[in-house]
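Please find the structures below.
Next come two complexes built around subunit A: one with subunit B, the other with subunit C.
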Partner chain A sequence: MMQKITCECGHSNPYGTSLCQACGKPLKQDVEVLSSMRYEGSARRSQTYKQTFVDKTWNFFSSVKVGVWLIVIILVAAAIGTIFPQETFIPPNVDPATHYESEYGTFGLIYYLLGFHNLYGSWWFILLLGMLGLSIIIASLDRGIPLYKALKTQRVTRHDQFMKNQRLFSKSNDVELDEIKYTLESLRYKVREENGNLFAEKGRFSRWGAYVNHVGLIIFLTGAMLRFFPGMYVDDILWVREGEKASIPGTSTEDGQYYLENNDFILEMYDKEEKKFNSALSSVDGEVAKNYQSNVTLYKTKENHTIGAEPELVKVKNGEIRVNEPFKFDSFALYQTDFKLNEFYKMSFELEEKATGNKFGKLTVDLHDPKKEYDLGDGYKVKIEEYFPNFVLNDQNQPSTVNNLPDNPAFVFSMYSPKTPDGEKAFVGIQKNIDSGENQFKMSFAGIETKDLTALTVRKDHTLWIIALGGIIFMIGVTQGLYWNYRRIWIKQNAGEVWAAAHTNKNWYGLKKDVEFLSDKTNLTPLEEKETASK
Partner chain B sequence: MLKKNRLWFRSALLAILVVAVGYTIYNSMNEESGTYISKGDTAPNFVLTDLNGKQVELEDYRGKGVFLNFWGTWCKPCEREMPYMQRQYEKYKEQGVEILAVNVSETNVSVKNFADRYRMSFPIPMDKQREVTKAFGIGPIPTTILIDKNGKVVERTSESLSEKKIISFMEKIKP
Partner chain C sequence: MAEISSTLLYSAFIIYLFSTLFFAMSISDKKGKDAVHTKKWGKIGFISSCVGFAAQLGYFITRWMASGHAPVSNLFEFTTFFGMMMVLAFIILYTIYRTNGLGVFAMPIAVLVIAYASMFPRDISPLIPALQSDWLKIHVTTAALGEGILAISFVSGLIYLIRTVDQTVSSKKTLWLEIILYSLIAVVGFIFVSIGFKGVGYESTFEMMDDNNQAVKVVYDMPAISGPSNGEQLDGSFGPLFSTPSWMNGVDASIKLNTFIWSLVAGAVLYGLLRLILRKRIAAALQTKVKMNPDLLDEISYRAVAIGFPIFTLGALIFAMIWAQQAWSRFWGWDPKEVWALITFLFYAAFLHLRLSRGWHGEKSAWLCVLGFWIITFNLIAVNLVLVGLHSYA
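Take a look at the complex of A and B:
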């Protein structure tokens, strides 16, 4: 059992205390009073009990050195995370497992394997933040509570050694105590008296600043942590073609799933000829965007909607989304984020006899849902044998497609006519029309329709207010600790002499002003600054 | 403070933090596009029309093991595993394992050609609007999800599968 230390003043101090909580007497042989003043010479509990595994863990996290190292490691990791783009910003449809290596080489692969590509979601980064949180809590408890107790139990009368060893100290002979008390009160000190001794203090609350700001940090980290909890945070992207409806990710509940229809995507540019903007725009090459806007309609399915089934939609409301003007419903907001103009939608062709130029009907192919066969009547028909939405010749020189987006559509058509009942084949793409050379017919290009796409960020955030609250409390703590300081002045009757000592946790200049004022107004000997070897 | 109390307090505080951070890490690993179906979850039901125009509903396969594969014709690793899947499908169909090869947002023309080339005889549900793909939180393809006879997900992988792997998967979900 750890022993309590009873000081000669009668106060019982916890084991490990270096200055008596009540009178300030050094309790060990080699205690330097001034350097112990940071935590009032109180016992940091972590440094006293070292038995179980729990205590050892506790002690580790109680160390400020450990805390600082955690901060350094987190900062370095965050810095490394900016070297290559984060996973969110690499093109969709690519596999990050191969993307980082192919783009950035071996270092890219290591970057990916270590989880730097998704830094805020990687387990070790969250673990580091958790450890930092633990360090903040434990270090604060271990210092804050003993400090609070020491400041609460401090007595008016202090031990001689405590007085003598303060940085500001003086001895006087003939002093009017009431005058000192009055002067200190005029400086807005809180003055207590005991057996002809005085204790004046001011701004004690500033000592809690560090702990208040740590509470703020913990709340902040808790908010950040809650983003990973189900239902608290959604950050997703939704691409919708004009005229189409798509389910909004993250909005599925028991009473239905939200859908969004993109009625129109609008991109407006500034008119360079307009007088108002003329001079501002003359220095700019190209056009300057004025407005990005999506006109949308929100729908909701009935209850028990089965995924994939044709949804029974009920219209909820219409809306317009512009940059910084989101469309809101329930706790969700949709932000204008990106767009794609003129994606190919439908292509038209005519069946043409090469020799005569006569045309035998037109067909329009929906690039998202082409038909197998188009009957043009009178024995004329066209079949689609192959379709490559995003045509490319692969490494075996075979026609194939890069992905499922119709960015470079190409077809293999079979053309049938009464003259050619067995069919003739042709490969047709953009600026390409290849056949065996003996064909009598060809597909001639007859127009294209396009559609715009809009990309919206789907956002739900129940953690923002927690993070804001944490931030505000943090700032209050910082202000409290930085703009105020804890000043103390002791006056002690000592065998005919009057001893005076003063201490502050920061801003010695301000304290010196106070004690100068005090000795000017009274007959107290001016307090002198001790030469501190350790400083 | 009593020694016993101190130990209790410290242990409790450490435990709370370990649980909170552990749960956060657990969630972060399962996080992808909002909803993400992984091991232990009940697979959400879905209905899609397959390549032959038939309605395919996942719930109808309760009592059977379901090898749910997400794929595209343009994806090389998907192409590689198709012949293996077809061969094992023929073996395990009688033993109560069904393959559903959900095609991610492609056209019937492309998929029909592909299916004919590889003589694929299992149902190919066409997820034109990517609704099912989104609901299962599918990122890169191919992704294979193994569902047991009770509708529970027992495995989820995004690797390109060898025939051996497919056999071991089939064994795993055989009812």
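Take a look at the complex of A and C:
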């Protein structure tokens, strides 16, 4: 430990102090009092130790200049990220590698190649945020702690040099000290007295504002980081058809698994005839949505549920989910996110003899769970050889399916009858019915059932309270630091004269009004402003 | 109720104009100018700005009653409200600092904002499900108040620059100052051309292919300087001079670009006329009229940031996050509007650090206040009209 510096007033200061913590006397030759006042001339680590690697790292991150640069770089990067839509906002089934170029040309391609299409999740953006976090921590420790010590130790009586170098200063004669004290107290200053000298201060707590809001920011950033830990965060999507139950992803715990039944999906539109909105609604094509709503029932499996077995469900509660009104249970919330109207659900066909038009029974195919074989009796049956829920011809011109959603169902049927015991094959899809041309039977379309689907976002977020806490602390700190200020006025008896000096960390206008009021009410010479100080 | 509401807004607009005039009287250096003169006209100016504010508050309340929801749900309503919050912010800062000169600039800029707002569709529109929340009024009003107060820091910073930038020589600073004033004039230009072409009922129709390769008709209400990309004009009106680049997205992109070009052109004409009349830089002409104490202006612009920053943060970030969590299941999603709110926050955070820890006072600080307002208006206009996202009203 480096040696302490003992001031002539007797106070022992930590190594590196530039203004004595107690009396404010400059402890070195070249100390400029006013500019040192920002941190009370306290011994900041970054200003004292500059040798080792640790020192240098500390000094780098404690610098406000570095902090501001980090803010500016993050700001510019964030702005670049809004030039074109981020990857998460482009259509889900396009390849970003070609999408950016085809949509935005060469500039789009460069944007993609530089990785700006996924800017906010990129390692370097996260690193920048991390560096800013580190800068906030180190800069606050470097200043906050010594500042706290200095303000706690400050004495009523200040050194002449300290007084003289303040931005507001005056010398007077024949001043009634009690009057000054009384006036300052009427301005709600806290006044201390020592050997006929006065020290008045107001709003010291506002000096902690910056450090409080930085603590809030750090808590906020920590909360945001915690979501990368498993178990803290669930984000899933759940599609449920009307009238069906589905297990809710991410909600499986030791005492069971949640299921959700979609009783009804409701889509309401504004009435174009409604007088109030008439002119606005008539100027848009199509309709304007009024409400998206899912009426649901929540179930839970019994405790001793074994996975794979048919679940035994116990009803928990009913609920209505609307946009802005999530449905909550335990630590989960379900949000109305999307919907799909009239999805194909069941398709019906009849086995028909081409020549006569006679029909030999009807079958209904559940498009989500088709059976392999449908026995129509009397020797008539239909087999499903192949099923394409979302039919498409692939690159090799072969039938295939895009996905498992029955948006464009197509089948290869084998039809059996007493006349055709070996079976006849036919390819049947929407508006399609293809066979070899020699078939005696065909599958004729006999109707379709549809269902609405609702899409719900399943969310659990154990980090929310931390983030909220960070936000609240930040707001407290920023208000404390910006809506209040720390004003100080010193009065010192000096060889028959009375010296007065005043300082504030911000809002000099307010402080000047205070000292004007003070000199109006007392015999104190008005405090004058140093010209150089304001620049 | 809707008619009463419109009348009140119109009245507020006129009263604000008068308020500007009264404040200008208070700082005019005609004969007989003395403290009494200044005080009298300043007082009249201030009272009229309060009366105007009350009228606009009346507009706000009656429109709320007519529509059944807080009138901050589309670009017209929000921008109007932003103008109203600028006036409120001015009133707050006037009560602290009693500076008439601030009114001479703050009131007309608020008027400009409201006039600009009126160029957007003014119909009372129903709320889509995502907007049906109490957080609509809480989030939007707080954010607008914060932005209104930050806008006053721009006004004060601008006066500071007009007051202090050396106009005897031509420099980068004088150039930038003229650019700032020109952009304000371009807003006037936008209003003139909008009203003008609407007045004569101009219309020209194009046919173009939209993103899904469907033929759509695009109707211009101003002569087409920039035509739609791959569009064909269906009538014999003034033809497009060039096509809008295809990377500008959306069916309306070319119309927006066209309107923008017209605003710049009209602004340039107005600016040119002013220069001809004044025979010097506009800032130089204004400088002779502005006699305010630069230190006080600096103080006001900083104070406005100090008051506005926490309110902006609360409204545009914290309340926004709470609502986003409720409506979209995540409090943050890097939507362009969210990002630009964050950028605004970061910018003013940098401003405060530069000011408090690195001593950026006076001129540097004033330039930053101007830049900050540019970011706010960019978020207000460009993000809604140009960048696509969840907040896009257009």
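Brief remarks on what is shown
Rule of thumb we're sticking to: the second predicted complex is superposed on the first by the 408 of 535 C-alpha atoms of A that agree within 3 Å, B and C clash if a C-alpha of one lies under 4 Å from a C-alpha of the other, contacts with A are read in each partner's own complex, and residues count from 1 in each chain.
Criterion: a residue touches a chain if its C-beta (ideal position, glycine included) is under 8 Å from a C-beta of that chain, and two chains touch if they have at least 3 such contacts.
Predicted model, so just to flag it, every value in this text is computed and none were measured.
By the touch criterion defined above, A:Gly250 lies against subunit B but remains apart from subunit C after alignment on the C-alpha atoms of chain A. Legend: residue contacts after superposition of the two complexes on their common chain; A:Met475 is shown touching subunit C, with no touch to subunit B. Look at A:Ile137: by the touch rule set out above, it reaches subunit B but stays clear of subunit C.
In the superposition on chain A, A:Ile74 contacts subunit C only, with no contact to subunit B.
When the shared chain is aligned, subunit B comes close enough to touch A:Asp236, but subunit C does not. In the superposed model, A:Asp95 lies in contact with subunit B only, and not with subunit C. Touching of subunit A by both subunit B and subunit C, each in its own complex, is seen for no residue at all.
Those residues of subunit A whose C-beta lies close enough to touch subunit B in the complex are 1, 45, 49, 52, 54-55, 57-58, 94-97, 121-123, 126-127, 130, 133-134, 137-138, 225, 228-230, 234, 236, 246-247, 249-250, 252, 306-309, 368-372, 384-390, 400-404. Of all residues in subunit B, only 3, 6-7, 10-11, 13-14, 17, 20-21, 23-25, 27-29, 31, 33-35, 44-48, 57, 72-74, 104-110, 112-113, 125, 127-132, 134-135, 139-140, 158 touch subunit A in the complex they form. Contacts from subunit C toward subunit A in the complex involve residues 66-68, 97, 121, 123-126, 128-130, 132-133, 135, 246-247, 249, 295-296, 299, 302-303, 306-307, 309-310, 313-314, 318, 321, 325-331, 333-334, 336, 339-340, 342-343, 346-347, 349-350, 352-354, 356-359, 361-362, 383, 387-389. Residues 35, 38, 64-65, 67-68, 71-72, 74-75, 78-79, 81-82, 85-86, 88-89, 103-105, 107-108, 120, 210, 235, 270, 274, 276-277, 279-281, 283, 288-292, 322-326, 333, 335-337, 457, 459, 464, 467, 471, 474-475, 478-479, 482-483, 505-509, 534-535 of subunit A are the ones touching subunit C in the complex.
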